[in-house]
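Note that chain A is present in both complexes that follow, paired respectively with chain B and with chain C.
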Partner chain A sequence: MNKVMSNKSVIALYVIPSLLLILALIYMPILLTGYYGLMKWDGVGKMSFIGLHNYTELIRDELFWNSAKHSFLLAIFSTLSLVVYLIVALVLSAQIRGANTFRKIYLIPMLLSSVAIAQLWLKIFHPTNGVLNHILASLGIEHTPEWLSNPSIVLYAIFIPILWQYAGFYILIYYAALKNVPSSLIESARIDGASPWRIALSIRIPLIAEVMKVTVVLAVVGSLKYFDLIYVMTGGGPNGSSEVMASYMYRKAFKEYDFGYASAIGFFLLLICLVMTWLIRRATVTKDSIQYS
Partner chain B sequence: MVRKTLTMSMAAVVSLGMVLTGCSTGSQPAAQDTAKATASGNATTTSSAQPAKKVNIKMMHLWPAGSSATQNKIVNDIIKEYTTANPNVTIEQEVLENEQYKNKMKVLSTSNELPDVGFTWAAGYMDPYVKGDMFAPLDDLLQGDLKDKFVNGTTNAYAFGGKTYGLPVELNIVPVYYNKAIFAKYNLQPPKTYDEFKNIVKTLSSNGVAPIALGNKDRWTGSLWYMYLADRIGGPETLKKAIDRTGTFNDPSLVRAASEITQLVDMNGFNKGFNGLSNDEGKAEFMNSKAAMYMMGTWELPNYTTNKDVPQTFKDQIGFFKFPTVDGGKGNLDSWVGGPGVGLFVANNSKVKDEAKKFVSFFVQKWGEHAISEAGVIPATKVDTSKVKLPQMYIDLLNELNKASNITLFADVQMKPASAEVHLNMIQALFGKAVSPEEFAKKHEEALAKESK
Partner chain C sequence: MQIETIERKTVTSAKGSKLPGQIGYGVLYLVLAVVAVIQVFPLLWLLLFSLKNNEEIFNLAPFALPERLRWENYEKVWTQGHISAYFFNSVWMTVVSVAVTILLASFVTFALTRMKWKLQSFILGLFMVGLMIPVHSTLIPLFSLFTKTHLTNHPLSIILTYITFNLPITIMIMLGFYYTLPREVEEAAVMDGCSVNRIFFSITLPMTASVLSTAVIINMIYNWNEFIFVNTFISSDKFKTLTVGIQNFIGQYTTDWGAIGATLMISILPILLAFVLLSNRIVEGIAAGSVKG
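Moving on, here comes the complex of A and B:
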């Protein structure tokens, strides 16, 4: 086996097909998007080169920055919600009864497709027949909110299913990481008289710090390029009050046939994600990872 | 045991998810298969043809057998009829759903490989294709075989610079449907003037009935209301001119139309939360008899006449009225908002252009005969109401159509794509009272000025 793997041509044989695929399907389109971003192009006719015009327009585009603000709000909320997921995972990974069942329940939303989730929540948020407003009405609230049509609450209303959708995913990651913490460490801490609170803060959380960094990056980048539920549930409306960067890009490309500008947005979005990833990695850098064993 | 039921339910959820994601694409391969089958079926009949040159016409349409069964059948019937009469011709179909159809058109056009014959939407949608020289002008057909076959003015939406690049197969106008039972309960009569209409709205909303069903997430639904008010207040030309830049959205009558909308909203004229509901959800309020009125195109007619899934008692309750006139306004009762739906085009680089044109001409005429009686689709060609057997509501509306003084094309179709988006967003904002009528006009002016450069 070792002999085969040390043969360079064999390594190339294994690596090249997937390398080509990734180059052709991921890196080429990224480069092309950057290229289209320099063009004036309606998606059908001929392109004409206009240099950085799309980007200068983008910098001044109020609607874009409005959608960017919404995307960043989503990123903040998903990062904050990580704390809740961590607490849930800490509880689940302690030896409590039914932990297994709960873990599976939390995971179920992840198994549903986004469109199914959107349809489900559309029913829940329905202004007259929705479950949510029925409950509120039975509690005696007269003017039940119009969740998806009131511009000042629609964004937050739509965050709920988005966060709910990914809860299981992060809980599962934390749960798996916490299960990897050697039980001997926890055992000895307990013998030394440490409270569960103390154990969590001083042993379990520090030991999964690396995983937490990864989840923060995932949550932030995932939020910045988020698209599906918003597209299905509100289409970015009413009047752009739930628009995010990706849905704005979609609107520009497929509704207004401005592919050049949409490509510029796409490329800009990529840059924002790269910068954010870099910033997060930098902010959370630690000299050496904590090890107790 | 618990564990077992859990895994079972998990499996159920997984498979449910698969079904849900799967069904969107599921119908389509089947449709394509049948299309291929008919195409190859036609191919075998050609082998016995006379020495005429064999011609293969590629056609793309948007009525899969799964979701639009009757239209699909009519297309196949017409093709069969044509290929039997012209055994040297084979017609190869490709069938896609609406959105996929639009996407495929875009992809094919970038590589200049449009089908010989296909469908396009009017005005703004086809603009880039016409500019890119991808569609062939069809004026020779309009002067020849199809002379005087179309309802007046319906091909205008497909004309650019004096040439017509598409032939419409559908025509829709927009009446206001109303629930006679609800009207009777509160002693109301279909309105003739806008003041009467506002009184109806007041009566209904004070009795806890939603006066008008509207799903304004889709935005063009609300645009219909604005267009009618603009027409009745300013006459049919004011809005048209504002859009083609010979006029302006700052015109007092257009600003007043916008402020009438905000008044309707203030009177609780529309069902709750309309800005967050899709057209289908809004429509559901009307179909459940929770809302009394619903303004929508004549494509809804089957739901009130022939559709077997709708209970007969409900269908009997539905009537329609024309949008009432506004006191002192310039518009009259017989001016309609509406427009042609999809139309046929012939690709400019088609190798069989003449054959394709001949087929298109045949198709338009046959479609006119079949569409209304079989699918309830009003064709853009003239219909002789004395010859076809139709539900009364169809006949009434067709007669209205024949005496229509004007048909104003949907505003978002009249505009170019970017302005259309601004218009639709502004409609949503206006209905949501996020902008004033003056701002509404201002944003339109900005967008239209920018795009007309």
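Moving on, here comes the complex of A and C:
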């Protein structure tokens, strides 16, 4: 057994093609991003080494911090919306007939491309012909908002399709985790006279703490690198009021041809994602991990 | 499934058919139904306006049916708007990338779970850390790499990145299944003097058919919806896929809502079809691939 199953040439044949791909197209590029960040470079011509100039520039760049602020706001909104998703999942797991169908319906938007979602919501938000303002007008609201061209509400408006897109995903994860909580625990609590609320707060939610931690990481890191939908819907506008870190990086590279500076942003984005992952995991370490399978 | 039925029984016996319980359930259903409506109505509105002309969209109530269904919107964008070309690009690039990803990921997962070698956990770690890397941090070096190797504006740049960036998640989906797969058949095959390649292709691979289909559908959805790589690496219409193609198309026909609606419907129809046929697999795949971060 051992001899056949540790045949080195077969192992090499099976692993090396994939390994080369991820080394060449994932790991080498992230190192190069950090390296290009030390250069002045327009993407085609010669690079010239300028040390940490791009990085010190980045720290002083108000437009960048503005976009970072928007990214972190989206991360906070996304984390808060997890509470809503958790409540829906708790309702779903309350012995609802058709729970399986509901969770599948919820999932539909998540399967569509962000580009299609963005184009659809551009129409939904359309000030005069969009369905949203139609509905608001029929409810008697006279001054319906210009969702995407008003700088003070555009970021909140953009969060609506994000909420819509990811609802099914998080509900699905929470529902699956809640289904894994052994029914014997819930049953004995019920016999002891605990209310459904009490059971949810003291038994079900603590038992899925590990999964919740993962979803917080997903929501935060996912928001920090959010791009497609915003790029298509507003391109970061009007006047930078919906710019996020990834769209700012893209603008610097592919519109302003400042590849060195954009690389510095890309490297910073990578560091921020890794640090946030680490921080959230650390901050929420469960004292003794609970087993429930 | 078993747990669900047991739970349901205990609840009915505990609650009986008390009236407050029934009202409570009514409220829960209402919550779930409202969420379902929110998730589906934007898409229903899209379907309706893809079958109307501008006059009907702007003057009729949002959810009113048009005088007659204007399928000519679909015909127009399919034949005049390059949409058919974009569609077929999406199809073949998705199919090729998925096939290669599945094969390579199966090789790696087999080597990681069935064979014995040093560095196993290190290599597994490399693939899993790949899940956390934001694609934007790799974008500029990849663009520069493909420019140097003359692969920009070439389908290979898209296919290679799709394969590479989907390998980690595909391996992750497969790992769980491989761990639970019994090894007896393989052990017997080794005793009979079977080679590793034969064991992999004629014993293990067929046994993983169910997880393969899950991995295929998840890969399909990811590739079909991908935007930023195509938008960055491909500039000629010849190789654009649907996500980028509809961006172009809509840029040219901004005022023709019916045409835009038809384009969006065409871009999401394959996903909706896959959803109707394979929703269980999709749910499984998303749940299996979600616990990353």
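We take it that the second predicted complex is superposed on the first by the 273 of 293 C-alpha atoms of A that agree within 3 Å, B and C clash if a C-alpha of one lies under 4 Å from a C-alpha of the other, contacts with A are read in each partner's own complex, and residues count from 1 in each chain.
Here is the rule we go by: a contact is a pair of C-beta atoms (placed from the backbone, for glycine too) under 8 Å apart; a residue touches a chain by one contact, two chains touch by 3 or more.
None of the values given here were measured: they were computed from a predicted structure.
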So, does A:V217 touch the first partner chain B, the second partner chain C, both, or neither? second
Applying the document's definition of touch, where does A:I96 land relative to chain B and chain C: first, second, both, or neither? second
Considering only the touch criterion stated at the top, classify A:P29 as touching first (chain B), second (chain C), both, or neither. second
Let me test your reading of the model: by the given contact rule, A:P238 touches which partner, first (chain B), second (chain C), both or neither? first
Touching A:K104 in the superposition: chain B (first), chain C (second), both, neither? both
Of the two partners chain B and chain C, which one touches more residues belonging to chain A? C
Taking the superposition as given, does A:G43 touch the first partner, chain B, the second, chain C, both, or neither? both
Going by the contact rule set out at the top, does A:V115 touch chain B (first), chain C (second), both, or neither? both
Quick check for you: in the superposed arrangement, does A:D258 touch first (chain B), second (chain C), both or neither? first
Report for A:D228: first if it touches chain B alone, second if chain C alone, otherwise both or neither. second
Footprint intersection on chain A (chain B / chain C) at 43-44, 104, 108, 111-113, 115-116, 128
Within the complex, which stretch of chain C touches chain A? 3-4, 6-8, 10-11, 14, 25, 28-29, 31-32, 35-36, 38-40, 42-43, 45-46, 49, 57-58, 61-62, 104-105, 107-108, 110-112, 114-117, 123, 126-127, 130, 132-145, 147, 160-161, 163-165, 167-168, 187, 190-191, 194-197, 200, 221, 224-228, 232, 242-244, 246-247, 250, 257, 260-261, 264, 267-268, 271-272, 274-275, 279, 282-283, 286-287, 290-293
Where on chain A does chain B make contact in their complex? 42-46, 100-101, 104, 108, 111-113, 115-116, 122, 125-128, 146-151, 154, 234-235, 237-241, 251, 255-258
Contacts from chain B onto chain A in the complex sit at residues 2-3, 6, 10, 13-14, 16-17, 20-21, 24, 106, 109-110, 128-129, 131-132, 134, 216-217, 219, 271-277, 281, 285, 290, 417-418, 420-421, 425-426, 428-429, 432, 434-435
Contact residues on chain A for chain C in the complex? 1-2, 4-8, 10-11, 13-15, 17-19, 21-30, 32-33, 36, 43-44, 88, 91-92, 94-96, 102-116, 119-121, 123-124, 128-129, 131, 134-135, 164, 167-169, 172-173, 176, 179, 182-183, 186-187, 190, 211, 214, 217-218, 221, 224-225, 227-228, 232, 246, 249-250, 253-254, 259, 262-263, 266-267, 269-270, 273-274, 277
